[in-house]
Amino acid sequence: MVSVLSSFGGGQLQYALAAVLLLIGLYGMLVKTNFARKLMAMNVMQVAVIVFFVSLAVRSGGTPPIEIEHEAAVAYANPLPHALMLTAIVVSVSTTGVALALLIRTHRRFNTLDESELLDRLRE
Amino acid sequence: MIGRLTVLLLIPALVVLLQAAAELPAVGDGTSPAFTHVAPYYLEHAHEETGAPNFVTAVLADYRGYDTFGELTVIFTAGLACLLILGTRDEPSRPRDEETP
Amino acid sequence: MIDTLGPLFLLLMVVCAVAALSVKELLSAVTIFGAFSFFSAAFFVVQDALDVAFTEAAVGAVITTVFFVCAIKRTTGRSV
Amino acid sequence: MRSRFGSPVLDASARLLAPFMWLFAAYVMVHGHDSPGGGFQAGVILAASIVMLRLVRGGGTGSGLSSRGALTLACAGPLLFGGIGIGSLFSGGNFLDYGALPLPMDPVQVRVIGTLGIEAGVMLGVTGVLVLIFDVLASWDDGTV
Amino acid sequence: MSRHLPILIVLCPLVGALIVPLVGRVSVRAARGLTVLATMSSLACAVAALREVLSGDDWHYHLGGWAPPWGIEYVVDPLGGGMAVLVALLATLVAIYAGPYLRGFSSLRGATFDSLFLLLTGGLLGITLTGDLFNLYVFLEISSLAAYALLGSGGERAVVATFRYLLVGTIAASFYLLGLGYLYALTGTLNMADLAIRLAAVPSGSAATVGVVLIVVGLAVKMAVFPLHGWMPDAYTYAPPPVTMFIAAVMSKVSAYALIRLLFFVLPAGDAVATARDVLGWVAVAGVLAGSVLALPQKDVRRMLAYSSIGQMGYIVLGVSLGNAAALTGALLHVGAHAVAKGCLFGAIGSMPRQTVQVEIAGFAGAARRAPLTMAAFTVAALSLIGMPPTAGFFSKWYLLRGALEADAWVFAAVLLVSSLLSAIYFFRLLEQIYFADGPPVSEPGQASGVARRSWRVVAPVVTLGAIVLLIGLFNGALVTSVIERALPEL
């Protein structure tokens, strides 16, 4: 563990923090019992993936990927991961919308959002 | 109880992810494969080929326009999904649970 | 400068994520989640990802939060 | 759910704010190809303005877009996008090959026009869908989808 | 236009889905007709494209006119084209089958249902044809979101199961995307063919391994392999019949296809892939056994079939794990055989009169006299799942067994035989009810709704599927030599 951490000279620190964020989200999705809370954890997890991709695209001393005229050899950031992540953000908001609709429907019938209570009700 | 078990499972996952991350090119490294293979083509040709100085727009709307079509379809799907699941006010989704004909 | 700002915002995001998952009241959690989205947008700005930051700010901090508030209002029985 | 916030100040400021938001959305969309932004962001801003009007004025008239209209927009946006793609299919290019569109301009400019067209499609579609989802989630629709 | 066949396969359902809600306002019948038309034309395009590919080279279609790896490409090869035909065929039959079910719906709800069904079809077809890893993710999400909505439209119990499916599915998709990020960081490309070349040059290390593992885990979770199947029995039991029919038949098969595509065509054969395949093998063994055992005590037939699906998916994963030519042939044949048979079984069950939420086994008493055609198809499909000759299931299991013996994997071979025995037990219990038990008299009043459901639109798709199960079995040799052998990777 220590050897792993010491290998991060700062160059990979952002990847490490993205991994931490991902696992916080995963933990929340697995452990929290309230469905709305699970959804927030899901969003955290999705943002973690976006953070990872954006970290791949950054170039030190670089500029945003918008062309500056009359300046040769500018170190632009990589536009491809940015474009991909725009799609990923849309996917995450879509998933959240559908999940919330399911959530409201569940609540309308069972009057609870707690996972264990719901499972008990379903077995009745 | 479940919480502790999950943490026990997640810590090795974290170690593995960190180990893998340590092998990736450093953040900001302009010589990594991500910067040397496909991306330079966009940076060199996007403006003249697509007329868009914003490279992200060039990639999003032109080179990978089909992904954007897919993205729009995803959000369209989400809209219809909410409509089907919750129904509208004048026509709440049918209570087809216990008394299905 | 930029090299330290990125990890700093990431740390703030971690703090917000933990807080959003552990706060008792659901509505407070949603608010903190909005802050989380805001910090992530700030992170994307310092990473030169302006388009992503713009989208995340608009979607994460506004639309997702509004959706969450709607759903939580409806599932806790209070009116908007 | 349907009650307004009631405050005339809120009402007036929302009414004042909305046109500026629409203007900003148009700016964001049109300038998508040389500055950050584009159809998706513009659509989100438009949807946010309509949701704001709904929240302040309590739906019904004056909130910009009915639920039925939102569904129509949600279909029309992607159809515009797909239509441009299929248009290029019929004029000799591959799907979404805007350069093949039969417009009397040089190919790069045709591509810019095509890109603008699909960004408009994205904007309309995103606006429609987000308003629709809000209406369904908040059960704010006027019952006429 | 024939130059554009690959994209037309996907565009037909997608554009159809965009038009159906608008048409549905004017005429419900027109919207229904449009749905069937869209799936049919997609099927026609898929068949034409597959024929073209079988007589020539793989078909590369560059979207937007941009050559890969800068743009996105569609690739039709015997594997992808065959999958597309399978998906489009089932979609067409289910689109016809859904007609009577939708009769009680309002026009808006019916159009929304149809539109989402088309989106699901389009999403699955996109997965089978795309040659780009990120594009695969986008279409995976289209199909997943549509599936959540369709499964969740069945009632509140289905909604809870669907919510849990959504959480699991999103974790899977995020894993896939993260794994994709690792591979992109190492190679700088997203195109499958390009990635295969460039990844082979990357020195193997833990980053590449983690990327591969994340992608494999993500797709395996989407397939509902054994320990992650929790949502499935509930969702299949409570979802509307046409939805269960379609999703049980093709959805997990398409994920299996994606897994085969990535493991054998994209990722280089190295330690990472070998480890992933070993682990998958043991997961598959557990899944086959657990699925077969858990299916035994089920009272509800749909729940029983859901557990049997878990076991049957295990067979496919087993074939992937063994990875030799015979085993992969078996896995691919089983993808087709199981898709058609499961569709037939769930279709037949959906046509049964339903008084309660449960479809008890006892409810099938004497069904053969009331619905001889449907039950004949049901029987053929059931025999195929057990693995009786001359149905399709026998031959796929035979190839799998041969693959296991070739690889000296005695445990796998034993598991195959044991689980066939178990499935024989639970299916014969059911077949006994259908043919030998005394059912209620035909004129019982409670059956009116069942008779109404049994219009030709319900019977014809089910019978067609049953016939296809037999045809695949009878002509399996031709199918294997003309399509599947050409779809196999170079081993």
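We call the chains A, B, C, D and E, going by the order they appear; numbering starts again at 1 in every chain.
The working rule: a residue touches a chain if its C-beta (ideal position, glycine included) is under 8 Å from a C-beta of that chain, and two chains touch if they have at least 3 such contacts.
These numbers were taken from a predicted model, which means no experiment stands behind them.
J.: Compute the shortest path length in steps from subunit D to subunit E over the network of touching chains.
T.: 1
J.: Sort out for me whether C-D or A-D is joined by the greater number of C-beta contact pairs.
T.: C-D
J.: With chain centres set to the mean of the C-alpha atoms, which chain is at the far end from subunit A?
T.: That would be chain E.
J.: Point out which chain occupies the most central position, where each centre is the mean of Cα atoms.
T.: Most central by this criterion: B.
J.: Round to the nearest whole Å and give the separation of the Cα centres of subunit A and subunit B.
T.: 9
J.: Please tell me the distance, in whole Å, between the geometric centres of subunit B and subunit E computed from their C-alpha atoms.
T.: The separation of the two C-alpha centroids amounts to 24 Å.
J.: Measuring centre to centre with CA averages, how many angstrom lie between subunit A and subunit E?
T.: Each chain's C-alpha centroid was found; their separation is 29 Å.
J.: Report the inter-chain centroid distance for subunit A and subunit C in whole angstrom, where each centroid is the mean of the CA atoms.
T.: Here the centre of subunit C sits 11 Å away from the centre of subunit A.
J.: Using the touch rule from the top of the page, what residues of subunit B touch 2 or more other chains?
T.: 17, 19, 21, 24, 27-28, 34-35, 38-39, 42, 53-54, 56-58, 60, 62, 64-68, 70-71, 73-83, 85-86, 88, 93, 97 - these are the residues of subunit B that touch more than one other chain.
J.: Which residues does subunit E have that touch at least 2 chains other than itself?
T.: Residue numbers touching two or more other chains: 14, 18, 21, 63-64, 108, 134, 138, 141, 145, 148-149, 152, 156-157, 159, 184-185, 190.
J.: Using the touch definition from the top, which residues of subunit C touch two or more other chains?
T.: Where subunit C meets two or more other chains at a single residue, that happens at 3, 6, 50-51, 55, 59, 63, 67, 70-71, 74.
J.: Report the residues of subunit D in contact with subunit C in the complex, numbered from low to high.
T.: 1, 3, 36-38, 40-41, 44-45, 47-48, 51, 55, 130, 133-134, 137-139
J.: Provide the residue numbers of subunit B that touch subunit A in the complex, in ascending order.
T.: Listed in rising order, the residues of subunit B that touch subunit A are 2-3, 6-7, 10, 13-15, 17-19, 21-22, 24, 26-30, 34-35, 38-39, 42-43, 46-47, 53-56, 58-60, 64, 67-68, 70-71, 74-75, 77-79, 81-82, 85-86, 93, 97.
J.: Show which residues of subunit A lie in contact with subunit B when the two form their complex.
T.: Residue positions touching the partner: 1, 4-5, 7-9, 11-16, 19-20, 22-23, 26-27, 30-31, 55-62, 65-67, 69, 75-76, 78-84, 86-87, 90-91, 93-95, 97-98, 100-102, 104-105, 109.
J.: In the complex formed with subunit D, which residues of subunit B make contact?
T.: Touching subunit D from subunit B are residues 48-54, 56-58, 60-62, 65-66, 68-69, 71-73, 75-76, 78-80, 82-83, 86, 88-90.
J.: Would you pull the subunit E residues touching subunit B in the complex into a rising list?
T.: Where subunit E meets subunit B, its residues are 14, 17-18, 21, 63-64, 66, 69-72, 104, 106, 108-109, 112-113, 115-116, 119, 122-123, 126, 134-135, 138-139, 141-142, 145-146, 148-150, 152-157, 159, 182, 184-190, 198, 205-207, 209-211, 238, 240, 354, 356-357, 449.
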